[in-house]
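After this come two complexes, each holding chain A, first together with chain B and then together with chain C.
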Partner chain A sequence: MSASIPALTAPRERPGSRISLVPLLIIAGSLVAYAIAALVTGQMAQLSLDGLIGVLQRTVALGIVALGQTLVILVRSIDLSVAPLVSVGAVMASWIMQGDPARMIGACLFVLALSACVGVLNGVIITRLMVNPLIATLGVGLVLQGILSASFANFAGSVPEEFQVFAYGTVGPLTFSIILMFALAVLAWLMLGHTRLGAHIYATGGNQEGARLAGIKTGRVTVIVHVLCSVAAGLTGLYLASRLRAGAPWVGRDGVYDLESIAAVVIGGTVLAGGRGGVWGTIAGVILFGCLDAIFTMSGVNAYIKQVLRGAIVVAAVAAYAYRTKGQVA
Partner chain B sequence: MSVSAASVTRFDPLRLLRRIHPAYFALVVLLGIVTIYNPSFLTPTGIMNFLRRAAPLCIVSIGEMFVLVSGGFDLSLGSLITLTVMGSALMINNDPGLTWGAIAAVYAIGMASGLFNGLVVSYLKVPSIIVTLGALLSLKGIALAWSGGSPQGYLPDNFRQFGRMTLTDIPVLQVLPVAVIVLVIAVALCAWVFHGTTFGRLVLITGDNPRAAEVAGARVRGIRIVAFIISALSAVTAGILLGGFAGPAQDVGDGYELQAIAANVLGGTQLLGGRGSVAGVVAGALTLTALFMVLNFMGLPKPLRDAVQGAILVIAVAYSVRRRKWG
Partner chain C sequence: MTFPGVVALDDVSFSCEAGEVHALCGENGAGKSTLMKILGGVYQSDAGQILVEGQEVRFTHPLAARQHGISIIHQELSLLPDRSVAENIYLGREIARFGMLDHAAMNAGAERWLQRFGCRFGAGRLAGTLSIAEQQIVEIAKALNFDARILVMDEPTAALDDAEAERLLEFVRQLRAEGVAIVFISHRLRQVFAAADTVTVLKDGKLIATSRKSETTPDEIVRQMVGRELKDYYPAREGNGESAASALSIRDGGNDAIKDINLDLATGEIVAVAGLEGSAKGALARAIFGAQPLTRGTLQIRGTAVSIQTPRDAIRHGIGYVSDDRKGEGLALQQSVLENALLAARGIEPLFASTRSRRIRELRIDGALQNVEVRAASYGQPVGLLSGGNQQKTVLARWLALRPPILVCVEPTRGIDVAAKAAIYHLLRRYADEGRAVLVVTSDLPEAIGIADRLIVMREGRIVGEFPAGAAEEDIAALAAGHAAAPVE
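Then we have the complex of A and B:
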């Protein structure tokens, strides 16, 4: 009796707080491929610190969305409304600001609050109306994109110079936005590994019924996670508005943030069935995509062929993880 | 005892009404509204034109149903439609002699696409959402790379006849568009395969409980692969009709995968598998087409129609969940 108690109460490794080797391997592999491409095409400038930071800079938008998507997938949900929401965030930010620095804070708060509302809507449709998360977020995304495209045909408004600091301002060699992405990753990592909410997220995704019977309010956890994901998408919209100097209703769709964020999460080792994974894998997946994009650009691949390859790479990368799955997958 | 038994068997028109899927009521109401806007709708010509317009969506939706019922999703259909139309135009390039060869070629492309989706889902265990979203990107990319990004080539009349030609002087019906003949053949074929063959039963069982189907000896992988192939072939068929309607365009298929899923949801197909019927899906697709017509009459721009479609998708699924749970 006494022998079995220590075994039961021995501190178990917290899920999510452990950093596995796989993300490091993915990052190393993508950087090596990137370096080889730069050497083969003779574009040595790409190998400088500036070149590498440029690659990192292009991962920021996808990175922030993918961090939110990681949380959603950890509770065994999914969010296909992120791409339209990124567009909504970008357009609303620049439309409200109209180049006036005094409206910056108000516009940012409005976009983040609106995103949070979309997150609540997603979460409530999934948990209360019990609609399949795929259809719920697809439907909400269609509604968002439809209203946005009907109201705005092109770039709307503009952001003031001061707001462009968000995307272009630097601290030493790094830009604010790169620092923001890593800061958010650290926050998410701490939240997942060291807070009650983090433990509840893993429990809900691992076994929803079990978690519910253990007293966890799984519905509330799912809603919170959807709010966090939507706010991340809204933040990405703000970043794109700052980077492009104005928002247009197609910036989210053109970035394919829905599919690519899901792919980055899965490549990073978070399973679509929920309950297992973490943020560093996702960051590695995002860096892999950034390096691939840079390699395509360096080797001058036609834009349409690039699209074909992206689709194929997403499928191949997920397959690399998934083929060991036991049982049938639909 | 006998009292309760009698109360159960008592004729109750309300109960009977509730058993009919609401998509049929919605269809009747919407067709009524269309008739108010356009009184000539209720003539044989008006109805035939409506069916002709609905034919591509009906066909794709039935194909999608096979995948949905087997437990997956097929999001690649819209891009496959685009590839079919653009590819045919490029291969034929206004030489009517090449039409039949091109049709064979696009069916082969569709077969390959469905086979690829099915193989990756079944053997590499990649969830079908990811595979078919990847295929959506890749197929559209192939269509654009092949044509250089703008609609190229030209579809001759003997290709466009499937979508455009109408037979006249038909008894009773007066007119009979070729697209409606294609629709009737496709519906009959799929209804037979789904409701009349062992394969159809196996698709249902696979979607309902893949593990149980496997234990019972069903070849789940092969069934899933065939479902994806049927779905892809339906998209090619719809593409041939749409090419006849409008000629080559690079956005001709955009959004069809979502409309097909919406039509399925309206028609009572259960997402993640196990339930569905060809008649229901046809009703769903007709309802959606009628709804688009009404929104069009009301002067709503295309983006708002997409928004309405999104809302309907969510409401229809929420309703069907409620219906299953509380009868």
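Then we have the complex of A and C:
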């Protein structure tokens, strides 16, 4: 070890632009399984562009929620209040609009502002009152669902024709909502890899005390991330109201957006312990779920079997990541 | 400043001039780290004031301290394992252009720091893949990487070998010339005297003395720290070698990290393993303990060939292991001292052990904790609230109570003060004298020479030589660095 060999032999990688192949592999695998299912069941129409876009369309709601959930999990928090918040967003949107196009913008702004407030509430309960995020967001979610169910029994109000453009409007072959989901994913990716906030999100989740010692206001980062996640859930509520023409207090619960979003995030390789992962994995996880749904619809197999398979995939994915990580360390 | 049950600092006044290196010395729990954490805005003091350049300031968050030009190198590593070296160095002060991070600029900046330290890894490496010594260097670069006017270094050289430490001291002198005020906390008195202008000694949260370096001596400092003359720093060897039997023997052992290992360990002896960063001396310890098992060669314990694939195997064969990473591997910080000390015993206890046998174990652990003199308000206190030295003693007590016939210690005295070091040396010697074998892996050469009956030198995963007790430090260092051939035996 003389002074003459300070050669930098380490592989040169550029931080921030670490792109993992795993999301691509997950998407490719999902599409192959989907294609095989279509061929085997003879439903060639599913292989057309329209068929594929139909699959993507069904991932939009979960996709937007899961993007928010990704950010939250990256700071080592979690958000179980997203499903009730989706319902709140959908119901408030259609209830305020009452079919009147003039109220569209006001209703949307109200829903997003309300969601942001819920995010602040979650964040403050977690960072100031020091309540475990699982419990804090579970509690907030129960409160939201309770108020909503007590106030509305069924579909409340309706959205005007014009608002349905949000879900059904198209640009070329794609719908607005699919474009929105991918646009949000790109924004989140840029934010995580290329802004201070992104770096501070990874730092807060990776080592909270270390981040604090480096002068990062970790509490503020956590609150911001919860606000972003809640706004994503509110946005999903708006989308569902547009798609279903009205909001009902069970839309969020029926979509199981809380647990499914966490599952999608985890399948995508973001670790619950925080500090590692990214949005493309989450998008891949959501597409995997979308393909799985389509495959089961095509084959007509009992839908409960689908749950079994989903559960198995989540566990297998986490086990595979754990194995890989261990391999790197050793 | 008080912790539950303990007053950590009591009426301490301390000042450091621009362009001065002020060393802060004291035993475990003397309050050095607490003082620095108050200065860094990590803790808030209950009384008193902080003046920066004559202005009174109050820090409620580490960020506030930094805005006043105070940078702290914390003793406990605070890196993000899944982020690159560059991202860690620029954490909290990322370079951004138009709101977007400038990764190229940060990488180049980080690369410059690594070159100044002569590091052999790139800025793109994930921090978690670095060794502890390399992480320590990144931690230092992170603290130096902004124009600090006041720099506090809490045991900065604890994980560094002598060459790396010397490079760091060179930096300290350079920064002093630039007018930076430097507070240097270290237990290595040689480095204190190499770097400092002024030395302040704390004891039990109180200020004992502040003196110019020219007006004091290392012996004087030690006396002030301990409050008494420190005799017999290293324990005497009893030399009952004639009845020694083989405790552990490895033939042609190897795995990914180590090669061609032939090692014998006899009862009643302490063998030290020395080597520079990258010598894989830690990997040897991990191999013996089954944490990174041998894939080649044979391993015998008391003359019987055994296979050790997991730490559990090792514990069952009577091997104890004191890790060099107290926080990461050794301790559950939120659990009590007693729980932590019981951990190893719990692991091998039958699931339905009788309450009586558990009670006996607990008593034995209690005895061991008292034996190593862990200073805590009570053994029910969370171990995370104790000072580094007391945490280390807790880890030791865990194993001493189990009395494994073979004890492997990695850097057993890192980051702890002289009195605690001496206590640990005596504990290890007594332990060996009772007919057990001790293997000590250490980067601290004087320590290795002082406590070992035999000293093994490793380089790049191989054992390159062996020295008897009392060998010269220069010879060992030269062999470890690869400048000299192995000694003729």
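As a convention for this text, the second predicted complex is superposed on the first by the 285 of 330 C-alpha atoms of A that agree within 3 Å, B and C clash if a C-alpha of one lies under 4 Å from a C-alpha of the other, contacts with A are read in each partner's own complex, and residues count from 1 in each chain.
Criterion: a contact is a pair of C-beta atoms (placed from the backbone, for glycine too) under 8 Å apart; a residue touches a chain by one contact, two chains touch by 3 or more.
The model shown is predicted, which means the values in this text are computed figures rather than measured ones.
A.B. asks: So, A:His194: does it touch chain B (first), chain C (second), both, or neither?
C.D. replies: second
A.B. asks: What is the contact status of A:Gly215 with respect to chain B (first) and chain C (second): first, second, both, or neither?
C.D. replies: second
A.B. asks: Just to be sure I read the superposition right, which of the two partners does A:Ala203 touch: chain B = first, chain C = second, or both, or neither?
C.D. replies: Once the two structures are laid over each other on A, A:Ala203 reaches chain C alone.
A.B. asks: On the A-aligned overlay, A:Arg245 touches which partner chain: chain B = first, chain C = second, or both, or neither?
C.D. replies: neither
A.B. asks: Touching A:Arg253 in the superposition: chain B (first), chain C (second), both, neither?
C.D. replies: neither
A.B. asks: Based on the A-chain superposition described above, do chain B and chain C contact any of the same residues on chain A, and if so which?
C.D. replies: Looking at chain A, the two contact sets intersect at 328-330.
A.B. asks: Could you please specify the touching residues of chain B with respect to chain A in the complex?
C.D. replies: Residue list for chain B touching chain A: 70-73, 120-131, 133-142, 144-145, 149, 207, 210-211, 214, 220-221, 224, 258, 261, 265, 271-273, 301, 303-314, 317-318, 321-322, 325.
A.B. asks: What residues on chain A touch chain B, complex-wise?
C.D. replies: 78, 125, 129-132, 134-136, 138-150, 256, 259, 262-263, 266, 272, 302, 304-312, 314-315, 318-319, 322-325, 327-330
A.B. asks: With touch defined as at the start, can you tell me which chain C residues reach chain A in the complex?
C.D. replies: Touching chain A from chain C are residues 40, 42, 61-63, 66, 72, 74, 77-84, 86-87, 90-94, 96, 99-101, 103-104, 106-107, 111, 114-115, 118-125, 128-129, 142, 256, 276, 278, 292, 481-483.
A.B. asks: Provide the residue numbers of chain A that touch chain C in the complex, in ascending order.
C.D. replies: 1-3, 5-17, 190, 193-196, 198-200, 202-203, 206-207, 209-217, 275-276, 328-330
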